[in-house]
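In structure tokens below, several structures.
The same chain A turns up in both complexes below, where it pairs with chain B and then with chain C.
Coming up: the complex of A and B.
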């Protein structure tokens, strides 16, 4: 035990505000998808989603700013530093569980549930429900094509997905060079390499949006195109949200470097964001392999 | 064979990534171990992409999708 004092921050309004904004986003997104299914337009769902997103952006900016100010005032002890590291650990644990659940869904559907419905394996008897159905993956012909028509086509992995893979892997190289330059205290180079990383990250998001437009408009690959469409969009969509969050965090880190924050031997915020970017890249490689390619 | 190699490299990528996380939490930014782990991680990712492209060009890696790799 040490006698070092533990810095306890004052009560904060950010958690409750973030909860309200997240509720607005989730409720708005749910209402929007329901309205789209019923073909009644976006309406209030879209407004709530955009309002929630705007509030969340403002809250993150304010919250990060608050923590950075307190850190710069020297209010954080070594104990507080360890608390940040534990916070990061639990955050990453939840992220791993989150993606494990979705990748697990993909494997379950692909290797178990769909073959069962096609009459294979232990529970192949379930084929009696749709006797004309034969299993395949990607599932182009769903058991009930009237209720859930399958996609007419698939995303070609050698165009936008390959380009996006190259963009993200390159951005991991550039963020690692920025990391090394920070260790060497060559700050102008850190800013340059970070700016390049951010540009690559936002380019990824733009190309992903183009891919979605192609999927919806030309391929009939939508959220309603059976289980393949649903798993495709939930995996790539949540990954896209993580890239967006990671890119925003990189922007904040770059602004901090411009303002002279971080030392070569004291830069947890920088290192954590850099690591997170690598994590997002590894998830994408998993998606490229298991959703698009193999 | 090539699929096993891809899975092996992918697991190595995950191990090097989480080694980086361990050093991030343990070393308090004072060592180079985090960034070194991440260099290994991204090098393995580049290697993996090369193996995938090589496998598809040579025909050793059969894709489930109907898309042939574009002719260069």
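Coming up: the complex of A and C.
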């Protein structure tokens, strides 16, 4: 393990371009959201956001493509491989902490804030604000029903959420089978199992969209429906975005397998995506338990 | 494997490119370190000008120079710029320059991502500073941006503030991942974790803290964005949420954040004191364990920032005792620094002066922190100038002095020239006097009841405020000496040797000054003189 063979890339244009694209996305999103809230259109913000997103997509494609080329030229040593592994592991840890903030919010609200509003404990004094409010979870009756009309109904965990749990858990199994087949160099089977994983992932997203439509149209469970709706949508929403990203990454991995990338003993790109997919799955188990079930 | 050798020889010969593209496209840890440090210096002056605006307004009671709305924007921006723009990037810059040289690596583990981590920052801070010119003014709710001031009552520019914070978070997380990957994977063969210099150790732990809490900051600003624009009620009790929830999530990020700004400072001081005491660091292993303990404790003390918010008694007690516990590992560190100097052959070059001032003045800041940790006493101190005095003592003669010490200590290594020692000493003494004249009177102001974040105050606070303003201007303008010394040192000056300091230890001193563009293209041989402990 000498660092003699550690590949230090030459200068690169990708990072500065990506910074510009990120700035366009952030400034565009800010302008768009502000204009939406002020009801003043927001065309320029939308254009900036779309332009930035398009550029970011192209840049990331180019940047990752560059890395893949370098890897396929054999420029990367085992030590480089370990750098990527550490990088991806810590990135996933940062994602875990991102979700931890929202789970922490949910637990704090459920076990402390709402009971206090209802008059419980030392802090019962805050009950004076809305004296006829009584605490419950899920919170159907918010303290101020005019400002935040609580939901009329809830998602039944034993229908779509249970189905989605089965879909995601199964997809974690199928991606693992694909990984084993890759190690055995049975490539057509790898593609098959990956395709199945992707199908399960997209099915999850479709069912999640159906669930959102039901929540909005029939149950009055919206972002505006008080703290239950807020925690429900921020947790499931960010999870859904991560599933979407993970599914896209799986699609790219499958295309790479079709193109003949990856070797039985050298396929970190594949493993990184599968790690990410397992992470998304584990988050869902937490969601199913604490958002839907308990 | 032919292509491997080809690629390596290409990078070996690859010196810096010419012109601006060297800086825009660079993948070199030294170039990126320099960019971070210069950016931090720029932000230090931007944030410093805001501080002087605040102090000028507070020179006398009554409203003289600026309107209260602008005063609030100044206190907010000063805090945000100094925390996220000056102190954090300075330490990342030091990490970039020093860690590969200290562990015997050719570069950082992920050089292109390293460039991206840096170049996000100028865009993020341009966006944040641009809010000052937007309709309704910039963020005016304090750097801690408590809801509902930052949600219901915020100016529209808060949206851009939120996205700027997201960008800084992305930058910090990528930077921290890079540091961890470098430390865990790029050490010279044979260098065990317990052989690493203490600066590397403190950065390993800091990087862990960054990856753990920057996403939580992203989470809390996202909830703000949702509350402001998408009708949620996270921080609104009318919908069943809680404004205090904001404070809990923010300080869950915020307390580890203050250790992110001080742990690398501990590392710097632990490098400098042994060099100028000409002794090995006393208690290396206990330093490592103390740093780790502080990092772990930082996750269970956050609500000591919120003693007066109305927590249950059990919460007050829990957070009071855990906070006091932090004094133990911190005391271990201070003891070790002093024991290192005990019977050492000390000399007092500029880096050592800054490091010594760090030990003394940081300890004062630590003690006032201990006072604030006492929940019943905090009811008196909360949101007064005593708090301002406390955190400025740990951040200015704490973090900033350690950054100055690091700059003087490693400048000869970076530039190949010695800085002007007389000017360095002048800079130190004026800074030392300026800092104490500025912030020491604030203890008295706070104990006497002057609230923080106000543009006007009762007449009995006049004298101490006047003194503090004199001190602030002295401190602020003294920093120009540093800039002049820096420019002179980059351009010319006495040639520095590889070792630079008589008592220096560590791999970075085995490289020539200035070091080659790629630090260690071949892994160095280790001996007891170039590892962290002997």
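As a convention for this text, the second predicted complex is superposed on the first by the 237 of 294 C-alpha atoms of A that agree within 3 Å, B and C clash if a C-alpha of one lies under 4 Å from a C-alpha of the other, contacts with A are read in each partner's own complex, and residues count from 1 in each chain.
FYI, a contact is a pair of C-beta atoms (placed from the backbone, for glycine too) under 8 Å apart; a residue touches a chain by one contact, two chains touch by 3 or more.
From a predicted model like this one, the values you see are computed outputs, not experimental measurements.
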**OP:** Name the contact category of A:87: first (chain B only), second (chain C only), both, or neither.
**Re:** second
Original post:
After superposition on the shared chain, which partner residues are touched by A:16: those of chain B (first), chain C (second), both, or neither?
Top reply: second
Original post:
Is A:278 in contact with chain B, with chain C, with both, or with neither (first, second, both, neither)?
Top reply: first
**OP:** Please name the chain, chain B or chain C, that touches the greater number of residues in chain A.
**Re:** C
Subject >> First (chain B), second (chain C), both or neither touched by A:43 >> reply: neither
Original post:
Taking the superposition as given, does A:289 touch the first partner, chain B, the second, chain C, both, or neither?
Top reply: first
Original post:
Given the touch rule stated above, what does A:57 touch, chain B (first), chain C (second), both, or neither?
Top reply: neither
**OP:** Give one of first, second, both or neither to describe whether A:65 is in contact with chain B, with chain C, with both, or with none.
**Re:** neither
Original post:
Touching A:98, do we find chain B (first), chain C (second), both, or neither?
Top reply: second
Subject >> Set of chain A residues, in rising order, touched by both chain B and chain C >> reply: none
Original post:
If you look only at chain B, which of its residues touch chain A in the complex?
Top reply: 3, 6, 10, 13-14, 17, 20-21, 24-25, 28-30, 32, 34-35, 38-39, 41-42, 45-46, 48-49, 52, 61, 63-67, 69-70
Subject >> chain B-touching residues of chain A, taken from the complex the two chains share >> reply: 81, 85, 88-89, 92, 137-138, 154, 156-158, 165-166, 169, 172-173, 176, 179-180, 183, 265-268, 270-272, 274-275, 278-279, 281-282, 285-286, 289, 292-294
Subject >> Residue numbers on chain C that touch chain A, as the complex places them >> reply: 1, 3-4, 7-8, 10-11, 14, 17, 21-22, 24-27, 104-107, 109-113, 115-116, 119-120, 122-124, 126-127, 156, 159-160, 162-164, 166-167, 170, 173, 176-178, 180-181, 184-186, 188-189, 211-216, 218-220, 222-223, 225-226, 228-234, 236-242, 244-245, 248-249, 252, 310, 312-313, 518, 520-523
Original post:
What does chain A use to touch chain C in their complex?
Top reply: 1-16, 18-20, 22-23, 26-27, 29-30, 33-34, 36-38, 63, 73-75, 77, 79, 82-83, 86-87, 90-91, 93-95, 97-98, 100-102, 104-105, 108-109, 112-114, 116-117, 121-123, 125-126, 129-130, 139, 142-144, 147-148, 222-231, 233-234
